[in-house]
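There are two complexes below, and they share chain A, which is joined by chain B in the first and by chain C in the second.
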Partner chain A sequence: MRSFLLKWPLLIKNKMKNNLLTLCCFTTLSISALFLSCSEDDNVRLDEGSLINQNDFTDDQIDGDTSDSVDTTANDAGVGEAFTRGAMLVNWADKIIIPAFESLVKNMDSLSLAANEFTDTPNQENLINLKQSWLNAYLAWQTVDMFDIGMAEEITLRNFINVYPLDAQGMTTTLLAGNYDLTSINRQDEQGFSALDYLLHGLGNTDEEIIAFYTDETNGGKYKTFLTDVVDRMHSLTSIVLADWKESYRDEFIERDGNAATESVNSMVNDYIYYYEKFLRAGKVGIPAGVFSNSSLSNRVEARYRGGVSKELLIKALNSVQDFFNGVHFSQEDSGMSLKGWINYLEASGSTNNLDSLINNQFELIHLQLENLNLDLAQQVEIDNIKMLETYDILQKNVVFMKVDMLQLLDITVDYVDADGD
Partner chain B sequence: MKLLKQIFIFGGTVSLIFLLSCEEETVTVTEEVIVTDTVTVTETDTVTVIDTITVIDTDTVLIGFAVPETYLFTRDGDTTVSYSGQTIRLKMAKEMVNALKDNTTTIAQLLAMFDHQEGGSDFSDADLNASSKQVKNKIGNNGTATNAAAIRADLETWMTNQVDSVFPAWTDEASKGLAGYIQEAGGGSTRYVNQNGLENNQAVNKALIGALVADQVLNGYLTPAKLNSGTNEADQAAQTKVDGKSYTNMEHYWDEGYGYIYGLAADGIDPVTTPGSNDIFMLKYIGKVDSDPDFAETADELHRAFREGRAAVVEAEFEARDAAAQHIAKTASLVIGVRAAHYLKSGQIGLAATTPDMAGVFHDLSEGFGFVYSLQFTLNPETGAPYFSREEVMEMLSKIYPTSGGMRGFWDVTQSDLEEAATTIATAFGFTYENA
Partner chain C sequence: MLIKVSYFSKTTSSAPLAVLRIFFGLLMFISIIRFWALGWIDKLYIQPIFFFSYHGFEWIKPLGSLTYLLFFICGISALFVAVGLRYKWAIITFFLSFTYIELMDKTTYLNHYYFVSVLSFLLIFLPAGNYFSWDTLKKPRKLFLQIPQWNIDAIKLLLCIVYLYAGLAKLNSEWLFQGMPLKIWLPTKDYLPMIGFLFRYDWMIYLFAWGGALYDLIIPFLLLNRKTRGFGFMMVVFFHLLTAILFPIGMFPYLMIFSALIFFNYQFHQKIIDRLLEILNIKNRKIHPIQDTSFRHSLINTAKIIILALFFLIQIGLPLRYVLYPGNLFWTEEGYRWSWRVMLMEKAGLAQFKIVDNASGSWFYVNNEDFLTSFQEKQMATQPDFILQYAHFLNEYFSQQGMTDLSIFVDCFVALNGRKSTRYIDPKFDLTKGYESFAHKSWILPFNE
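And now, the complex of A and B:
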């Protein structure tokens, strides 16, 4: 069954642009396989009145040529699109998560290469090239940060890749002392993207000053070694996660298609909302804006040493979150089974709540608000923090829509609590 | 006993009348009382009590005495509430606990904070230095002299271990058998632990919740023995005040008990609805327990019991007073039990991770260690004994913090030992491991 499903990934196309309902087009074979795999669970929610049933899947639909009888705007007819957890998991894994990790690892390949070139020949050209590779990889990271599940969760990937603020003083001490252990939790705030941010932008005011650290007779070697070690570790950890997805976890992920708290959908949705709440809303906006402290903390923004890219990183993260909600395939226009589709399916029976529109509209409001912000969120905090606080408030509304309203509708229990704080 | 323990889910009108009324002993409620549900609960069910009211029937509410909405009691226009001595002791204890996190503190400084003498320059706060109050002489003084000495020695042992072992290793990475620092995952807080993974400052902090606060309140001030001492009962009946004071002796004793819990609240008159507190002891954790839906209303229930008891004292209604004191004992003890089980469970969950965040686990378990220690100072009103004796507590600590036979405390504790201890605690208080 597993290999079978691998060979016949569900073909899911979206004929409609943007926020319209999507339509699943399965091959007869793959849909049969799917039903076999879920038939003992209660998650096959094909209502009797549904316009979709097994016999409706014809060769026409394989090509994505949907017949009129399967109306994607099913709400109008009072019937939702066929929804199965399994189909959503397949879309998530094959069209979003794995491609996103593939893209990240490709960017890590480039980063490694650029780092090697720079340490071999520390000059301005190589430094500029390395900085660009770092930014590309950092943007790619924003597309996977929410997938803290499977191997990523097991090895606590996020904690080794993107802890900020950096403990710059601790990192420098570690770097100069040598003989460090980057696998230690004690070193988590001394590595990852923020460490590279400092090593590439924060050591001096000009490229010359920065390069001087790497060409220094006494300590230059230590800086080169540490830079290489940090990049290698990021490269290797992200590669491990990608390999695990492709070699084994993908199948486990889609097989765990029940509705228990420990199964994939509930876990992923919790991870998703947790990420949005804690790392996007709070980490990228709330903490710098001082929402959780007595005063604003402009030095807590992402990529603070580079400056000027924190909004770009936030936008990338926000787009990724919104695309995941809508099931949009990684780096493509098409989309497949998603939280939005699920909401539509559940709301189909006469409800006019349109929770999915509410959530998507809120995402659009966030984008509108971001247009008002400085490219550098640290400067925004310094110049006009009110706009940052407003951004936080607008972000917070989608916490409520998703964590409260959506989870209630989907019958998913929140599996995390706020930390003690002491 | 006039209090009929019953629960009513009743309309807001009635509760308002209940709270505002009562200059006299019997109050007739003219509005119709709408009782939507009536549930009789036993004493052991008080965790789920929604409201408690003295009721004869649905038309006439007999309240033996007025119970104000806030902790505001006056006589001839003057407040009769005073607990400044408790506020001072809580501040002293807090400075002592904070000094355990400063690696320049000496053991002499810590011990001087513990047994402060009037005029000694032991604290940063001049008012504390000038005070004749002391923390140490309030530790263990409600039990046997043997236990008192042992408890004081426990606290001093942790403080000494902090100065002798942890402070010198402040910049070393902690490892099994070696003291030092260890950071929580994701660039989180840095914790300083001894050779067995224990944060001594947490042990002292949380042990004081029992050894100082719960013990003084439950086994000291609110006991009939203390409240009725001397000629207090007759004085109360005659409203005989202490010379030069607005309060009677019995009123003051009750308030001193109140002060150990609420003495650092931003507003001691209305600490439940007024946010903010500088407390790091019992009051802080009443708030934490209260925010757990499984134990909702805990903060309100406890404070209401204090108000009921205090109002009963004023009216010399001693049975009602003791009923309120028992309610307080039960609720305050529950707070310690819930937090003890909670932290052990948190540690167990932390250890279950593929990549355990050991600093986080140690922090939870160090807090749990102190709360477990505090269990010996709880009071079960049904038995008149603590929920766990000192011997039982020490036995439990040797399981969750094993140090014999080469074991290295929290580095070596097992998940099953933690779950077993937490379950034992939960069972004794009538909740479950899942609730913790």
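And now, the complex of A and C:
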């Protein structure tokens, strides 16, 4: 549904079709009109003359425009330097997105290594080591989840990496049957971090019980193979996305620096807000708290089998979202041009709602609220869901600020709709 | 009275009306093809599961896959209008099918579409098919070289109403003194070649705002006056092409440009027709009969005049109805539509609906994506009548799921013309208790400057 990259060639095609059609129609009609009206005999006096004037005018216009455009370079420097979309895109790509994916892939390397060690020697030490690698990689995932653009969007990375809740029963059936196809859409809720969560924490109550599944004479091999396959798939998918960013997509991304709907800024901002609204606000908090259902659903939290880390994952995601807004580099050492800078630039020349402070203050309120929550959001839901519902409402406020106020200020259309306006 | 009667018996050449008919028909035909080719029929009228109806027209719904047939009929009738084949039936069919399409979902409301409906309604009563048409080629007795002057003037009057009301609507402090919403829209066009850099300057925004308002207000007079007509038409072309470059407004600029040709004298139109005859290689003898057949006066003609007088009264009255509503027009949008208020505001909103089951006391929020397309959701969140209709739909939907005693509340925030978003609808008002009418909706929260 959100596969923008899959769609954008089509969108461009549509746009071209759109423009071509209108242009063709208009040129044929106008040429024929002018041709018809400017006939060789001059017996129409007044209106004929004015039409000829109109032709002259059009020529003048074109001349005028070209001579103007020569001057622009001189004027350009003074006005446009403070903020450019291009600089923002470079900051996003080079300082935030690519380093975040690099870190994720590095974590995937370790995860892969730990998984191999564990399947070679399924013992407690290796299991604990693997669990830690899993958590590190899961945290790293939170820093890239919002970048559902480019190759990530094309291969629907998120759908294969972090779909939860897991279909544990389906996964077990698949695993035992063997001969599965993890690329199938039907298997999306049987793999990724939540599958590993179950395979490492959910099979039994103690490490011994869990290890027993991998050392079992009849099925142990199947568990090992499945574990390896899931990890390999996550490793290779994330590596593909990183490689694509580095090899080609970065340049494409920063090149499309206009403000049109199909350009990078527009789609990135839309993806960003969509992520915050659907996956952070709703997925991590709203759905477990039961805001979309008649009752709360504590088993819908992230990493439910591990337990106790869902808040940590949420905080990591929230920090990443806030850092992106402020243009803070992945390294945390510096910051560059981002949405905050853009807002400041636009508000300097127009109305000042101090929108960037409103949004950042709201992020701080969210952090404050999170301090009141249990480390395990599932427990929070069960013990005192009111606090979860409050958290949702506080998160919601920033959806309003970003989706309504910010998009209006930035003149970005929500979920680009290709239709005529007034 | 005597002046009036003599005015209505004044005649003129039928060429301008024939030319208008041809261009209008062709442009509409192209519009339908374009709409179809862009896949919008499917996207706007087939895919959504719910449609927003106009008050009083709830019975008009998309027809499933038959919607394509509707567009086909609409397109073909436009072509028939252009050619002048069975003109009366063609223009009636076009008006009905086009208007039906527009009434299917008010999400897609555009003043431009309304203009097409209004103009095609007007054309039903005008003898636009009685000169240079297929009909007259087959039946020369249908040919009228002369038609009443008021037939042409009616079109001019409609165009003047459109421009003047569009201009008057721009005479507000937001547009003139805050440069809104152009200040939001134009700076983001700075990537355009040649003219893009201009939009980074504030004075340019105001030039556009004041220029746009002035254009709308004076263009009718420039076009009506013989001496300024050429210049006026030049302005029309320039203005509408500029808007075509800057904003995604589809076919409208071209429609306005070609409609404005009606202001030129009949010799100009005759020339177009003569040239068309030459190109199409139609023998002049058939189209130019020896005797001059003037349009006959009749009871029907009088009836037409009365109907169109009423029509114009409505056209003049409708845009003024907003004064009957309290509150800020841009905020409540009560009396906003059908009034040539074009590009006047940038409005964005977010509406979160809360469904409360009164039987159990439990509640939940609605995921709008489950029921609405993003286009519909966007339109819904800023317009009270949409919000109300959607709430009633939700009530019905969840009632069918077994929850019979529901209250529905909305937490809705709207930002208008760059102001900070504020709450739009009374969050304590149970929308299931509200009903659509032309009366003021008291549950819209007041607008704070």
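Assume the second predicted complex is superposed on the first by the 331 of 422 C-alpha atoms of A that agree within 3 Å, B and C clash if a C-alpha of one lies under 4 Å from a C-alpha of the other, contacts with A are read in each partner's own complex, and residues count from 1 in each chain.
Everything that follows uses one rule, which is that a contact is a pair of C-beta atoms (placed from the backbone, for glycine too) under 8 Å apart; a residue touches a chain by one contact, two chains touch by 3 or more.
The model shown is predicted, which means the values in this text are computed figures rather than measured ones.
Judged by the touch definition given at the top, the superposed model places A:N385 against neither chain B nor chain C.
In the superposition on chain A, A:N129 contacts neither chain B nor chain C. Of the two partner chains placed by the overlay, neither chain B nor chain C lies in contact with A:N116.
Once chain A of one complex is fitted onto chain A of the other, the partner contacts of A:D411 are limited to chain C, with no touch recorded for chain B. In the superposition on chain A, A:I185 makes contact with chain B only, not with chain C. After overlaying the two complexes on the shared chain, residue contacts for A:T228 are found with neither chain B nor chain C. A simple residue count on chain A separates chain B from chain C, and the partner touching more is C.
On chain A, the surface touched by chain B in one complex and the surface touched by chain C in the other have residues 420 in common.
Taken together, the chain A residues at the contact with chain B in this complex read 153-156, 158-159, 163-165, 167, 184-186, 188-189, 420. Looking at the complex, you find that chain C touches chain A at residues 23, 26-27, 30, 33-34, 37-40, 43-44, 108, 110-112, 178, 183-185, 187-191, 193-195, 197, 200-202, 226, 229-231, 233-234, 237-238, 244, 247-252, 254, 257-258, 261, 264-265, 267-268, 271-272, 274-276, 342-343, 346, 348-350, 352, 357, 360, 362, 364-367, 373-375, 378, 413-415, 418-421.
Residue ranges on chain B touching chain A, taken from their complex, read 173, 181-187, 288, 354-355, 357-359. Only residues 14, 17-18, 21-22, 25-26, 29-30, 33, 35-37, 39, 43-44, 46-51, 53-54, 57-58, 61, 65-66, 68-69, 72, 75-76, 79-80, 257-260, 282, 286, 290-295, 346, 349-351, 353, 355, 358, 396, 399-401, 403-405, 407-411, 414-415, 417-422 of chain A touch chain C when the two sit together in their complex.
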